[in-house]
Amino acid sequence: MTTAAVVVRRRLLPSGGFARFVLRRLVALVFLSLGITFVAFVLTELVPSNAVATNLGEQAAGDPAAVAAFKHHYGLDKPFPVRYAIYLDHLVHGDLGQSTLTHGPVTHDLAQFIPATGELALYSILFASIVGIGFGVIAALRRNRPTDHVLRVASLAGISMPTFWIALVALYVGFFRLGWFPGAERLDPGTNPPPSITGMYTIDALLAGNWGLFVQALHHLILPALVLAAFNVSLLTRFTRSAVLEVIGNDYVRAARAKGLPERTVVLRYIVRGALPSVVTVLGLVFANVLTGAVLVEKIFSWPGIGQYAFQAAVNVDVPAIAGVSLFVAVVYITVNFVVDILYGLIDPRIRIT
Amino acid sequence: MSLLEVEGLRVRLPTTRGLVTVVDGVDYAVEHGEVFGVAGESGSGKTMSMLSLLGLLPDGAVVEGSVRFGEHDLLRMPRRRLREVAGRELAMVFQDPLTSLHPMLSIGRQLTEHVRLHLGLGRRDAERHALASLTDVRIPDPASALRAFPHQFSGGMRQRIAIAIALACRPKLLIADEPTTALDVTVQAGILRLLDRLRRENDLSVVLITHDLGVMSAIADRVSIFYAGKVVEAGSCEAVLSTPRHPYTRALLDALPHPEGLQDKPLVAIAGAPPSPGAIPSGCSFHPRCAYAQESCLHHVPPLVAMGDRLLACPIDPLVER
Amino acid sequence: MSELALPRRAPRFHWLKASRRQPLAVIGATIALTWIVIAVFAPLIAPYGSLAQTFTPAQSPSLHHLFGTDELGRDVLSRVIYGSRVSIPIALLLVALASSIGCVVGAIAGYFRGLVDGALMRAVDLFFAFPPIILAMVVAAVLGRGLQNAALAIVVVAWPSYARVVRGLVLSVGDSEFVQSARLMGTPARRALFRDVLPNVAGPVIVLATLDLANAILLLSGLSFLGLGAQPPQAEWGSMVADGTQYFQWWWMGTFPGLAIFTVVLAFNFLGDSLRDVLDPRTAWRSSEEQA
């Protein structure tokens, strides 16, 4: 018999291959993070601003002792590599310097502004993923039929509309004309936010059991989150469509139908599941788009998030703040990409077990 | 009564140039427990005629004729009912085992999902059933194979698994579409022997689609030769392959290397290429490539009629031993 | 751009055939050409000057002012027309610059491989770690606000994707059988590069550049919208939309410049997407060829 010639490789648990894969990505992540800190550091060095005056204020800058203490604290009197080492040391201790605009520590500012953007991004990405993947699957299943062509043009339109313009139109219609949605801020004026646990108002309101506040926070979120999602819905529609098309012609889909499985099972378990790894790989890109869009959307909706903070920092040449934001955003971004890589491995057993 | 009776099957597929006929009026019957061979070059409509039975044709395809399978009228069944028959009484194995198994679902999942659906077994029973199926197709260590994924097996093993999946619900008819073409020659024989044993043990009928007449002669009881969407010759495997009477069957056999054949007998490739669907020649569609073609072949479509021990679609019948 | 497949040979582009199959390409090309004509002949087409504050402010659209007038009494239509002279030429210039830099870096990395490749690609990774708008804001913060700096920022964020794509293509073309066989037959490396590598790289780069034109215009107008790009009183679409957000009730102030951005970007996206379909028919939006 020919069976004797064949050996089943019996590696059913995540094997050395996958562990090595994760480790390699992790090492790359660490080095990339180091690179990012270096960029952020060079940035703070690059700008010919009067660090002493902006950080200490005019009065203290006149006091030689205070100036010396400041320079010593930030190592401004030391050579370049040493200054970088000091910067890293401060970073490890959560010190990103003082914002020249808010006069508070940058880490403190970040902690304050991040949850607002996080909440916006969370709802936006959730919505975009569900709708975008759904549209993509529909377009692929209806390939070259009217639905598909409509979705193609609609998704191309979606990636062609400037986010700030969609925001303007949405505000004009949803707030100014119809009055269905609030036009700015995270809560109605004069409303106290829920006790802060995560900093995300909808979640905190639920945790506090305040249903009314949850609804209000959600009401404020809908318009900016939808505007922010527009680009990603289109992007995911397009990616999902091609990913599904790569899968749909496979014999295993035909085989599933030949087995007599109901169409729903064939589509969900065989087609969508097969397309999922390639769709997951764009989540990093989706995340980057949300960050880009957030800067614009937050400005229009007066949303007190990190995009607004970065924008104010850029306009006012608040170098420690902008460097802090870039550092934070970049590290989050590469971490998201790292997680995406791992997810990909977890979904696809060909990578998990080899 | 035959298990499967196909009459006047016509399949037309949508293309940019409109509907194109790929299967053009095909009749055949498959008896209980036999291996029925379907041979022909690629594009001759073999696969499409089988896919039409299972409702697996691409969207927009038009199917005419009648297909009776047991007490079911397959072409006139609602899609939902057809899916219940498919997989349970009628199963299919595809050409390439590398692509016919879902790479991200475990063997156990793919081997039990339809069993649970069709036979209404619980998870435990379905798994026990799956173990038996894997043992049946000679998979070593079936228990751990259940938890493994397709990429952990070789091509031959995967085809065995695909066969186990197809036969899991004990169907009456298995359609095997070029089941050995994608495999190494050494593995092919094993798969063929397996199919042969399974049909003897399980009262199973097999439709074997292949372009390889060597494979065909090894296990088929009766054969139909397809050319350009039509059957040109049909009969017992023995008769058709040992004394072919249609010039096309003859040409197919001449193109086959015979290790035991005469040394001086040249290998003859068939002149020209098979016609593409949508550009089928008039009259007998084989006439442009036929050495015996006459004036009448250009104008009259030859019907498939009984000629002695077989059915033949060639009124000239130049090869008959008179 | 992992979607781009590598064709064995650069496919020939038949305009007529393609236009029948790719109506979007024709629509896109038409819109893009129209805008380019508008940009070139803006002073002849625009009914009024872009800066002339000569009319009653905040008139809604009428026959005299098709797009209305803004808060300073400037004709919005004229400003939209003059705005094309900012976004379109800058975007073209930017993409030309970014693609040249990216292609050179990518080709060097792909050709020399090894250490050079490693070093260059790590640098590219680093650039990819920063979302474009953040990098652009950093550049604006460091060098100051203004159209030139915004443009520079976009070049900084745009070139790495070309480097990545070109490197990948050069690597895979170099490995492919027909280049290997050319090498075996003694074709000099430089000739192989121009004869085999270049045509294969050109297609994907053109697709990327076309789509990038769209992105560049979006990003540039976004930066101007934030006030980091074009400065008043220059007629630039992004900053005009920003003005529109200040005067909400006068919807025409922001809507029309936004529509202008939308149409130009859509045109380039239509073009780029259709070009990709031609290069990579596997998942293309049309029914043909398959199934025989």
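The first chain written gets the first letter, and so on, giving A, B and C; residue counts start at 1 in each chain.
Assume contacts are C-beta pairs under 8 Å (C-beta built on N, C-alpha and C of every residue); 3 or more make two chains touch, one makes a residue touch a chain.
Remember, predicted model here, so these are calculated numbers, not experimental data.
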Reference chain C; chain at largest CA-centroid distance: B
Maximum inter-chain contact count - chain pair: A-C
Centre-to-centre distance between chain C and chain A (centres being mean Cα positions), rounded to whole Å: 24
Gap in Å, rounded to a whole number, between the CA centres of chain C and chain B: 52
For chain B, residues contacting two or more additional chains: none
Interface hub residues of chain A, defined as touching at least two other chains: none
Junction residues of chain C, two or more chains touched: 287
Residues of chain A defined as touching chain B within the complex: 1-3, 5-6, 8-12, 250-252, 254-263, 265, 269-270, 273-274, 277, 347-350, 353-354
Residue ranges of chain A in contact with chain C within the complex: 28, 31-32, 35-36, 39, 43, 46-47, 143-144, 148-149, 152-153, 156-157, 159-165, 168-169, 171-172, 176, 241-242, 245-246, 281, 288, 291-292, 295-296, 299-300, 310-311, 313-315, 317-319, 322-323, 325-326, 329-330, 333-334
Partner chain A, residues of chain B touching it in the complex: 51, 54-56, 80, 83-88, 91-92, 94-96, 99-106, 113-114, 117-118, 138-141, 144-145, 147-149, 151-154, 156-157, 160, 162, 165-166, 186-187, 189-190
Chain C residues touching chain A - in the complex, by the definition given at the top: 2-3, 24, 122, 125-126, 129-135, 137-138, 140-142, 145, 214, 218, 221-222, 225-228, 238, 241-242, 244-245, 248-249, 251, 254-255, 258, 261-262, 265-266, 269-270, 273, 282-283, 285-287
